[in-house]
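Both complexes below contain chain A, partnered by chain B and then by chain C.
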Partner chain A sequence: MYRSQQLALKYFAAAIALFGVMTLSGLLSAYYYINPDFLFGFLHFNIAKILHIDTMIIWLLMGFMGAIYWLLPDEFGRDLAGIRAAEILFYVFCAAVAVVAIVFIFVQYGSSNETALWLINQGRKYVEAPRWAAIGVVVVMLVFAYNVIGTAYVSRKITGIAAVLMIDLVPLVLLYLIAFPAISNMSADLFWWWWLVHLWVEATWEVLIGCIMAMALMQLLGTSRRIVEGWLYIEVALVLGTGILGLGHHYFWIGTPNYWLTIGGFFSALEPLPLLGMVIHAVYDAGTHNMKTTNQPAFYWMMAEAFGNFLGAGVWGFMITLPQINLYAHGTQWTVSHGHFAFWGAYACGILSVLYLVLQKTRGLAYVNGALWKWSFAALNLGLIGMTGALLVSGFAQAFVERAIGGSTHAAFVAAQENKWFVEGMVGRLIFGLVFAVGYVVLVYDLLTLGRRARLVAAAAAAE
Partner chain B sequence: MHVDDPGFWRAGAISTIAIMSVILIMLTIDSLAVISPGGANVPPYTVINQHIDYKFDAKRGNDVPALGAPEPLFGKTWDATAAAALIDKGKMVIQSRACINCHTFFGNGAYYAPDLTKAWLDPAWETWQAMTGAATREEAMVKFLMDPEKYRTWTRTMPNLGITQEEAEATVAYLKWMAAVDTNGFPPGFGRMRSKP
Partner chain C sequence: MTRLSLLETALLLGVYVALAGSYGVVYALARLQGAAILRRISALIYALHGITAVAIVVWTPLEIVWKGLIVASSVAFFAIPPITWRYLERTHETEV
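Moving on to the complex of A and B:
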């Protein structure tokens, strides 16, 4: 095993641990809607929410890094350049995440000065981490980029997938620099903030997971490089062709000119197209192999990735992307419904697929199947789809009562939050969140014991 | 060049990204001019010295901010430098207290507490003014921000975030300025509800 693959295992372990923190803080955030006085005076909704969304970003990022540290040595036929620095930074990264979480929980906020932004909380959604930690993320990403680009340089070899990956790392690092400034003008602040959030999540991350899935597909189904690279280029063209100006659907209501209503609405309406392409690709590949594979969980998680990305990011996103609808859906639980489904389908399922591929190799399993992965697959997806549906019900109620009828005043907000449909949606979200959490526990148990259980049974049988 | 050749799609991807990026950069340059303070959609910070309203514009088909007569904030007219410093401070309060992780601004943020886009204009402040015994809306807002647990109006209570008088005044100024930003009619129907007797 290459050293970078050993590092990949550490990144996967950290990612799965943070996946657990995300789930727990998500349950906590959901519970505040049912019992707003819970932990009042100690830990408020905003801190639980920060932990929920920030650990989501970090576990997915670590999952991507783990996948690439695992898959890329096979692509280049050698270990990655600068792996020693990456190994050290892994521990620095984990320590920084732990310190930031402790500060969020126990310090929470500071005074209105730069010191608070440097040491405690930047107070910008998704990039709340204080600046010192954000600098750490930049350093980790730079070393990660060096690992990839430096390896291509020293091996004097480049593949289509590696080329796309290397180019993608440039905006991935540069866009993160938007995490630093404190811009007083909220319109300008949100304008640049969306460059970071949208162009990361709906552009560079989509390309990143596209590269990961391309490499994984070759291993999982033995798909030819020619086909995989052709599809990757098509996906990049469509994702960025629609996604770059699709950014405009975030510029409807922040003070930006009204031409964004047309541009954003049009291009973001096209954004499901590449995701539909992925579904067609996945179904085609699965069909040509008669649904046969030596790794059932990896295969099914990859299918979940293709369908989840299309439904969660594509269809659910399309539902609220036209300005005529977005005017009422924006800033409601309808958006949250889309967010949950999209992140899960677009990224989480793909990482879990690669993780099962990795475990098949590390544990020397000729065939991976069993009951546990099916239970976790069912509970996680049922929980997630249930949460998505429940949030959608609450979102509809909010769009109708708060926006359309109530005119979005404070009184209308309260009326919507107390509306029967909204409240029932929130209860439903919590219940399905618990189902999701059970799925997570089963997943972790399966990942920890995969292959070992079979060996134990075989050993016991042999002893008898 | 054939569609079966990955090189064909590689060329397509590169040219698509190049074209879209150039268009985005051009639109960004134009948008930044529109959203800079004093631009077409975003007022200068000194707007905090004026009366601000939100009225339906039949031509555009949505509510738009309407700037009126002088209306000093906290009994004072703020010059450009002082207004800018106040707005800077207000934004710093909003970030340091992570307000966006409960509230939304222009609809962006968390969804646990009300949207603050037009909070300055919200009819609810009349209730708070009576509750706090404040003489003006801005004073009521300051009192609420400094001790929100005392002035709770429904089941979800805003926690006390240690906001000082100076910080509360800066936050109120920020909300007043933000209410004057032209948001293409978001949030919908706000002007209609506001004008209801």
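Moving on to the complex of A and C:
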């Protein structure tokens, strides 16, 4: 095993641990909607929510990095350049995440001054991490970029997937720099902030997961490089073509020019088109392999990725993306519903698929199947679909009562929060969140014991 | 946009894309299994998708530009599954 693949295992372990923190803080956030006084004066909703959304970003990022560190040595036929720096930075990254989490929980917030921005909280959603930690993220990403680009340089080899990956790393790093400026003009600040959030999620991350899935498909299904690279180019072109200017579909209520709403609505309305192509591809692959491979969980999670992406980003997104709807739905639980489904489908399922592929290799398993992964697969997906369904109901109530009837006044906000449909949706979200959490526990148990259980049974049988 | 038409329009838009996806999946299954019945079901689902598109154009208060986009997207949704399937078959055949 290459050193970078050993590092990948560490990244995957950290990612799964943070996945757990995300789930736990998500449950906590969901419970605040039922009982707003919970932990009053100790840990408020805003902190639980920060932990929930920030760990979501970090666990996916670590999952991506783990997948790249695992798959890329096979692509180049050698270990990655600068791996020593990457190994050191892994521990620095984990320590920084832990320190930031402790500061969020125990210090929570400071005054509106530079010290608070540097040491406590930058106060911008998804990138709340204080500046020192944000600089750390940039350093980690720069070394990650060097690992990829430097390896291509020293091996004098470049594949189509590696080329796409290298090009993608440039905006991935550059866009994160938007996490730093503290712009006092709220409109200007939010304008640029969306460049980071939207373009990471709907552009650079889409390309990153496309590269990861391309490499994983070659390993899982033995698909030829020519085919996966051909698809990668087409999908990247379509996703970027629709995703970049889809940015405008976020520019509501922040003072940006109106034309952005039309541009954003138009391009994001095109996003389901390439996603349908991916679904067709998934059905083709599933059919030609009769739904059977040597790694069933990896295969099913890959299928879940294609379908989840279409449903979460395509169907859920299309409901709210046209300006006349978005005007009312923006920032309600409706968009939260879309966000949950889309992140899960587009990214989380793909990382879990790669994780099972990795475990098959590291544990020397010729065939991966069993009951446990099916339970976790079912509980996680049922929990997620249930949560998004419940959030959708709450979002409908919120858009209807607070926005359409009440005209977005404070009284209308309170009326929507007390609306029966809204409250019941929140209860439903918590219940399905618990189902999701059970799925997570089963997943972790399965990942920890995969292959070992069979060996123990075989050893016991041999002893008898 | 009235209060109720907000929810009606959004739901129609969601159903519109969900039917397009269902049409694509059933079309792919039909090609995979060579089953005529699935082919007919996929056509039926696309017809439902078309009806949804007509409902959006006729009943919802969306602006004309967006209604045009809905019609154009329906044409694209119709074409994507066969084009994608042919591309997949061709690329995989040349591999063998």
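Rule of thumb we're sticking to: the second predicted complex is superposed on the first by the 462 of 464 C-alpha atoms of A that agree within 3 Å, B and C clash if a C-alpha of one lies under 4 Å from a C-alpha of the other, contacts with A are read in each partner's own complex, and residues count from 1 in each chain.
As a convention for this text, a contact is a pair of C-beta atoms (placed from the backbone, for glycine too) under 8 Å apart; a residue touches a chain by one contact, two chains touch by 3 or more.
What you are looking at is a predicted structure, and each value in this text was computed from that prediction instead of being measured.
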{"item": "Clash-or-fit label for the pair chain B, chain C on chain A", "value": "fit"}
{"item": "Partner chain in contact with A:269 - chain B first, chain C second, else both or neither", "value": "second"}
{"item": "First (chain B), second (chain C), both or neither touched by A:300", "value": "neither"}
{"item": "Chain B versus chain C as contact partner of A:440, first or second or both or neither", "value": "neither"}
{"item": "Vertex chain A angle, Cα centres of chain C and chain B, expressed to the nearest 10 degrees", "value": "90"}
{"item": "Which superposed partner A:377 touches (first chain B, second chain C, both, neither)", "value": "neither"}
{"item": "First (chain B), second (chain C), both or neither touched by A:70", "value": "neither"}
{"item": "First (chain B), second (chain C), both or neither touched by A:324", "value": "second"}
{"item": "Partner chain in contact with A:404 - chain B first, chain C second, else both or neither", "value": "both"}
{"item": "Contacts of A:255 with chain B and chain C, given as first, second, both or neither", "value": "first"}
{"item": "Broader residue contact with chain A after superposition on the shared chain, chain B or chain C", "value": "B"}
{"item": "First, second, both or neither for A:315, with chain B first and chain C second", "value": "second"}
{"item": "Smallest distance from any CA atom of chain C to any CA atom of chain B, in Å, after fitting", "value": "6"}
{"item": "Overlapping contact positions on chain A, where the chain C interface meets the chain B interface", "value": "226, 230, 328, 404-405"}
{"item": "Chain A partner contacts - residues on chain C that touch it in the complex", "value": "1-3, 6-7, 9-11, 13-14, 16-18, 20-21, 24-25, 27-29, 32-33, 61-63, 65-66, 69, 73, 76-77, 80-81, 84-85, 88, 91-92, 95"}
{"item": "Touching residues on chain A, where the partner in the complex is chain B", "value": "32-33, 36-37, 40-41, 44-47, 49-50, 108-114, 116-117, 120-125, 128, 160, 182-191, 226, 229-230, 233-234, 236-237, 240-241, 244-245, 247-248, 250-261, 263, 327-328, 330-333, 335-336, 398, 403-414, 417-418"}
{"item": "Partner chain A, residues of chain B touching it in the complex", "value": "4-6, 9-10, 12-13, 16-17, 20-21, 23-24, 27-28, 30-32, 34-37, 40-42, 84, 87-102, 104-112, 114-115, 117-119, 122-124, 153-157, 159, 161-162, 167, 170, 178, 181-194"}
{"item": "Complex interface listing, chain A residues touching chain C", "value": "224, 226-227, 230, 262, 265-266, 269-270, 272-273, 276-277, 279-281, 283-284, 287-288, 310-311, 314-316, 318-320, 322, 324-325, 328-329, 396, 399-400, 404-405"}
